[in-house]
Amino acid sequence: MKLDHVVESQQFTVPLLLELFERSRSMERVVARGGTRDYDDKIMATLFYEPSTRTRFSFEAAMHRLGGNVLSTEQAKAFSSEIEGEQLEDTIRIVSGYADVIVVRHHESGGARRAARVSSVPIVNAGDGRGGQHPTQALLDLYTIHRERRSLDGLSIAIVGELDEGRTARSLTYLLSKFDRVKIYFVSPPEVQMRPDILEHLEEHQVWYALERDVSKVLGEVDVVYQTRLRPERLADRGAQARYNLDAKLLSAMRRDAMILHPLPRTVEIDPAVDGDPRALYFRQARNGIFVRMALLTMLWDTTGA
Amino acid sequence: MKLDHVVESQQFTVPLLLELFERSRSMERVVARGGTRDYDDKIMATLFYEPSTRTRFSFEAAMHRLGGNVLSTEQAKAFSSEIEGEQLEDTIRIVSGYADVIVVRHHESGGARRAARVSSVPIVNAGDGRGGQHPTQALLDLYTIHRERRSLDGLSIAIVGELDEGRTARSLTYLLSKFDRVKIYFVSPPEVQMRPDILEHLEEHQVWYALERDVSKVLGEVDVVYQTRLRPERLADRGAQARYNLDAKLLSAMRRDAMILHPLPRTVEIDPAVDGDPRALYFRQARNGIFVRMALLTMLWDTTGA
Amino acid sequence: MKLDHVVESQQFTVPLLLELFERSRSMERVVARGGTRDYDDKIMATLFYEPSTRTRFSFEAAMHRLGGNVLSTEQAKAFSSEIEGEQLEDTIRIVSGYADVIVVRHHESGGARRAARVSSVPIVNAGDGRGGQHPTQALLDLYTIHRERRSLDGLSIAIVGELDEGRTARSLTYLLSKFDRVKIYFVSPPEVQMRPDILEHLEEHQVWYALERDVSKVLGEVDVVYQTRLRPERLADRGAQARYNLDAKLLSAMRRDAMILHPLPRTVEIDPAVDGDPRALYFRQARNGIFVRMALLTMLWDTTGA
């Protein structure tokens, strides 16, 4: 299957996801062998209009493990010292004459789609705007679950945190809705719960979900606890934040074969005491980002799928 | 022919320019084949005292296409967190112990020349100061014209915009004056017309030129329209800017075999509707920068010319 | 000998130092031959929480000469655009999933040690805090002396400048104390002289030292003048600074086989007229940083020492 751009998580069908997971798994073996030089003729431009060193490093490491080269900026707003108001479109037209793929992080929702419209090389969305998408994060989240469970059908997951503005939680939910018999618990204070557009999407696709406000109630049920941040300043009762944080006590309520994920960076949502637990997979999850991004890059360049 | 540094466009003789164009053309073939690894032992430092991501990316992409490696900064002013007032000269002495070529963009006119004076490796000027030089831009402009026309002799060109502070327009004019039977129209509101020093240079070298204020008058005459920016705040009549912008109507007055160039980035000088016209070569021109810079780098390193 | 991390200069024993010097010397030959591709499967992350382009370039050039790849940031404080208060520890846990070595420059003393505690890959300290360490600078200083003299035993050295806050002078003194019959003159205005903790360390290790305030008195005695900065605003008598600056007159008092070192960047401490003197080795010293850092990287990765 041919992949032209990676703009939003909705564009991925189940067969495309399964191909991605298979390729990602084989990339783990490639990295264990010391990477490849097969793509040493390729150049990736990471064009970041706002800094995100973690995401940028993950893409660039993926590129280096493939043998490729990188043009890098976190100051794309200062793309030119001379002219104000340069258009994203012209920048993309120019950089697509330099590079073989452009990874864009843009401050405006829809930025990646605008880039894809004019680019002569593949565009990968590395996050666009608050309410926008961050599809490669959702893909690596899903890969991490698939890698452990071998399947996504029948998955039961608690998505915890500030969900109304959670770019990651929204993108992940879109992807989960493509699989069979998935059960999703959205665990959040009511004032920052998941938005109706996503809930309607789940109803349309007949995906089971429940809105919860007590994390302890669902911990014993789920295969995955997907923890995200919760900023106290957005809550009616600031003290409520603490009730959603994962600590050793809550850990003991979880199933022994469950897994704890977090898109990172975390602040207080997960107690460092949890890090040593075998169910805590969030650093493994971050590392999986390398394999998923390597796989995506090769899918963008290979004219025929596996 | 040996090239030690690239500091200003005047240093290029016609034979050196023709060698550069021939090498640039062969670099197009090298890139089409996936680049080369011939220079994988080389390191380029891009030492930018002011940001210009587009120019930096172009040099770095050229280096990667040659197989080489890059040390990169757009914050060279913050070269050291400890000491204020570090001299450019000491920085160059140190970095020339690390790298095989240094691409300098400096905020002061003459910065590149100062760098070349103390460097033990080749210096390439990537722009120095408002009134300074940006020779590789002029070289890629000229290459783009030469590539289409096969010759620069007998060229007729309209250089349009704010020419008194136009670093690019000035450098290009210097280079054009080296060829035979060139005709240059400087098209600009009188208050920002080309400065006397350049006009005197043309008179000395017996190059034909005319000062114009109406772009429509010359469009039917010229082989090349070289459009540059025109900031309304510098004009006596702010509305005058619009009369110099290239749009579909002016396009129809141009010769069918003409070409439209722009050093980019543009703001309003060229209507996006012009982009689809086969005469609009400005994005090709930007891409040619890769080939010209690859060619320059190899000329700096090869002890004997082609 | 196995090296796990490079955190502080004290960790280096004399045999480890001698192995490092031998490897550094062989790296000079490697670079003269055009570098190696032996480490083209390795990735270095340079994670700088404050800018130091010179130090960063030196590490990155070392990595490129070994054939390796680099992830680079001087804005690690802006590691995430989303979350304030991300911990150094989590950043290191994540980046050690991407890279094979992490070079950290941190604004807090002890930052490198904290990083080493949680990292799954080697950490190299590229400077941590004002009163902290900068061990690779001290190692390249020592290598430069060893390279010229073939031995460090019996060395006599004047360390000149503002020594109380001199991270480099402190680290170098620690290393010198490991060798036999070393004589150290600390030459400094009394108010910024070397601190008691270092002097006590020397007394414990029975290293000869003297506190001096007149540089001309010791110049004829020493093998090495190690010049560092001296900020006038820290002196009781601002004019005193000039008496510690090295100029042509003081040069004539030095031994013919002596050497002048400086960690750079300099401001006024060394007159540019001194640069041409064969005893002025500070730019060679900066270049030696490449070889020492190449040697350190290979020692971190090779499971058994030479």
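By written order: A, B and C. Residues from 1 in each chain.
In this text, contacts are C-beta pairs under 8 Å (C-beta built on N, C-alpha and C of every residue); 3 or more make two chains touch, one makes a residue touch a chain.
Predicted model, so just to flag it, every value in this text is computed and none were measured.
Enquirer: Considering only which chains touch which, label the overall pattern as line, ring, star, complete or other.
Expert: complete
Enquirer: Could you report, rounded to a multiple of 5°, the rotation needed to superpose subunit A's C-alpha atoms on subunit C?
Expert: 120
Enquirer: Can you compute the centre-to-centre distance for subunit B and subunit C, using the mean CA position of each chain? Integer Å is fine.
Expert: Computed from C-alpha means, the inter-chain centre distance equals 40 Å.
Enquirer: Which subunit A residues reach two or more other chains?
Expert: Correct list: 72.
Enquirer: Would you pull the subunit C residues touching subunit B in the complex into a rising list?
Expert: Where subunit C meets subunit B, its residues are 34-35, 37, 50-54, 56-58, 60-61, 64-65, 72, 74, 229, 264-267, 272, 283-284, 286-287, 290.
Enquirer: Name, in rising order, each residue of subunit B that touches subunit C in their complex.
Expert: The contact residues of subunit B facing subunit C are 40-41, 43, 45, 69, 71-73, 75-76, 78-86, 89-91, 93-95, 97-99.
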